[in-house]
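Per-chain residue numbering starts at 1, and chain names A, B, C and D are given in the order in which the chains are listed.
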Amino acid sequence: MSWTADEIAAIAAAEIPEGAFVNLGIGQPERIADFIPAGREVVLHSENGILGMGPRPPAAEEDMELINAGKKPVTLIPGGAFFHHADSFAMIRGGHIDICVLGAYEVAANGDIANWTTGKGGVPAVGGAMDLVAGARSVRVITTHTTRAGRPKLLQTLSLPATGRGVVDRIYTELGIFKPMGEAYRLLRAAPGETLEAIAARTGAPLRQAD
Amino acid sequence: MIDKIFPDARAAIDGVRDGDTVLIGGFGEAGNPTELIHALIEQGARELTVVNNNSGNGEIGLALLLHERRVARLICSYPRGSHAHVFETLYRDGQIALELVPQGTLAERLRAGGAGIPAFYTPSGVGTALAEGKETRTFAGRDHILEHAICGDVALIKAEAADRWGNLVYRKAARNFGPVMAMAAKTTIAQVRKVVPLGELDPEAIVTPSIFVSRVVPIADPISERDHILALEQAR
Amino acid sequence: MIDKIFPDARAAIDGVRDGDTVLIGGFGEAGNPTELIHALIEQGARELTVVNNNSGNGEIGLALLLHERRVARLICSYPRGSHAHVFETLYRDGQIALELVPQGTLAERLRAGGAGIPAFYTPSGVGTALAEGKETRTFAGRDHILEHAICGDVALIKAEAADRWGNLVYRKAARNFGPVMAMAAKTTIAQVRKVVPLGELDPEAIVTPSIFVSRVVPIADPISERDHILALEQAR
Amino acid sequence: MSWTADEIAAIAAAEIPEGAFVNLGIGQPERIADFIPAGREVVLHSENGILGMGPRPPAAEEDMELINAGKKPVTLIPGGAFFHHADSFAMIRGGHIDICVLGAYEVAANGDIANWTTGKGGVPAVGGAMDLVAGARSVRVITTHTTRAGRPKLLQTLSLPATGRGVVDRIYTELGIFKPMGEAYRLLRAAPGETLEAIAARTGAPLRQAD
């Protein structure tokens, strides 16, 4: 019985320590904010110049000059600050962001990640993804374990253009928590009812049990 | 007396030339100098290189400038989006050149341009398609690529308040690229919601000091991109 | 709950190790974290590399740290001055190494250290003795030299006010090197005149956001270097 | 009859246009601030993070956290702003300072300047001088025409270590206003009673009359 999206978000949230400065990617990673354990202070960074980002406001209080990286209205919590883009990315590139959690099209067992283009043409767009994977101290990925077509997203090597090389150190999927180890992935934790063998069958590189 | 306040956007935009590099502030819907861009359209300069994080929203501001075919080349990090159809169509039709730059590299190249740093090394983008053709160098065992400064002929930015010297403060996340673009351009033009008397802005809280600003235009009630996009969506 | 407030300077300084690089804020008499330096003297770390714009004033703070022979090497732009006799004596006696850096290059190397930029090109110092041995490269027809980032193990800075997250505001020209040093060190320790409740600092006016600060110590009434120097002069 | 120090400062001040952003070096250049024509707004920059520097305050209002590059108490005028050192030198290096006026030990006819060390040993110190001469749009020098020993300070080539190369575009001395032209200096204006020949005799490189 695999984890739901909310369960994955809660698991990823549980692994964020108090006081961490965290950048959450657009989409599924954003949900982590809703599951930070009560009483644990975590400071959310948004690449467009916000530290101390709070939840989405009620519709009547939405302010299009207070938006997140996904361009959606957010709030600022006490202790928050605004700064310009070069300072914001100094935080990222300079190794000051403790954890970033991103979505991905593919990850590789050597820690490579692809999440900026499907390589199929159309308009390419990169945003802050390459800066985040190069700069955050811990780069974590939340993704479905396989594509809609059932193809593994945890691969031996990327098939899509890379966002960064050798940077991912944790992957959360509906089947478990994984760590890229170079040639293989390590299964740190399996979702209830899942076995190493069952997960390995849906993974594109060797999968080993954690010690 | 120093007085950088201009009566209207059309007067402030004067002097932009064909082929100029125009830095345009904003991220998503926050901080876009829409009225200045409309004045630039009226002014008529063509074959522009535009630097902006995105590629315009809906059919106003940068999107309208693109639609009017004034932009030969866009330097940006994220030209995709739910309201970026003007750019997407031009791009697919091969009507505009695109230089895609990681967002932090874009911000840092602008700051470098403003700070007299012609080039710097960065780890962002190493090993990716966006590093192709770039000089690579190893520092402390880690690969970096060489990135070059971006300077603008003109910067168009939006701030919250200014004084007659051109000191600027911003509002919330509308600050974004304004400060680094103001540094990086020969002529920086800011539209602001209000002009305040000299000395009223807190000297500890001024974000862009007057030295980086050439012209200021008060636009008390700028166009709401959100309203525009809602209207567009309802019209469909 | 995040709480970076430490009860006293001695507690805040804990963990500095022999051989560490210590970034120390201040320019002239403004912004020197004198109480933190005195705590560092008490703590005992030796063979330090210190980065500061000057070389200490009178016989307190950095001058006292030098006098106590804790500093093997000083990286600075202006070690001379009417009250720099402690450094001058050590330097003439060959008791301390000096790396002289143009002031703007010093500030930029620190910012680079904090921003993840390992090296950058600058026109400052080209053609001078301070460029000797440095890589030279021409951009747009002008020579530049390659300068490398400075990172610190610890930064000691002085600010005006902080909250428990470590957000900082400064006072007037005491801001100087504080913000870039805060960015560039693994552990940044700030002494502040006052600690205010979280949310009291204006988010538009915070100069050093909390992410760059590790520890905060309230020192309500720091030593006046001017009083100290007047007393020294009267004692002569 | 050569100019007094105040007259030189007034002449240099008269050549600073309204609205200019100006950095004045320690010592004689600082006096220029006292001679800016009434009603002309000029914005003074101090390398330690001040724009809009005003005059020295009365003793009772001195604030050692509001000091200039020479570490002396100053004031801030309305419109002034504070910023950090990297931003301050971004203004300098980035070409945003219209004019800097510096003292000098020596200048050369090719625009080289020496003002940071006499090369005699002792403690070397450079401060912001190398950044200023590399970055300001116009680098101007105020100096006595000769050393106390009577040796020319306007030379063909420097004898002391350089602060910058080919950067000086105007020199004010008690004898006149000069422009380095490469092989020679051009005399833009002579002090009252001074002749080209008399000044040339005290100058270490050829001196030509302005057209």
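We adopt the following convention: contacts are C-beta pairs under 8 Å (C-beta built on N, C-alpha and C of every residue); 3 or more make two chains touch, one makes a residue touch a chain.
Being a predicted model, the structure only gives us computed values, none of them experimental.
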| item | value |
| --- | --- |
| For chain B and chain D, chains touching each | C |
| Winner on C-beta contact pairs when A-C is weighed against C-D | C-D |
| Euclidean distance of C-alpha centroids - chain A vs chain C, Å | 36 |
| Inter-centroid spacing, chain B versus chain A (mean Cα positions, whole Å) | 28 |
| Whole-Å gap between the CA centroids of chain A and chain D | 54 |
| Junction residues of chain A - those touching two or more other chains | 76, 82-83, 86, 89-90, 92-93, 134-135 |
| Multi-partner residues of chain C (at least 2 other chains) | 108, 111, 115-117, 122-123, 170-172, 204, 207 |
| Contacting chain pairs - touch in the sense defined above | A-B, A-C, B-C, B-D, C-D |
| Residues of chain C defined as touching chain D within the complex | 27-31, 53, 55, 77-81, 84, 87-88, 91-92, 98, 100-108, 110-111, 122-130, 170-180, 207, 224-226 |
| Residues of chain D that touch chain B when the two form their complex | 18-19, 21, 39, 41, 43, 45, 51-52, 76, 78-83, 86-87, 89-97, 134-135 |
| Of all residues in chain C, those that touch chain A in their complex | 1-2, 111, 113-117, 163-165, 167, 183, 198-199, 201, 203-204, 206, 209-212 |
| Chain A residues touching chain B - in the complex, by the definition given at the top | 46-50, 63-67, 71, 76, 82-86, 88-90, 92-93, 112, 122-131, 134-135, 161-165 |
| Footprint of chain B on chain C - complex, ascending | 108, 112, 115-123, 139-140, 142, 144, 148, 169-172, 202, 204-205, 207 |
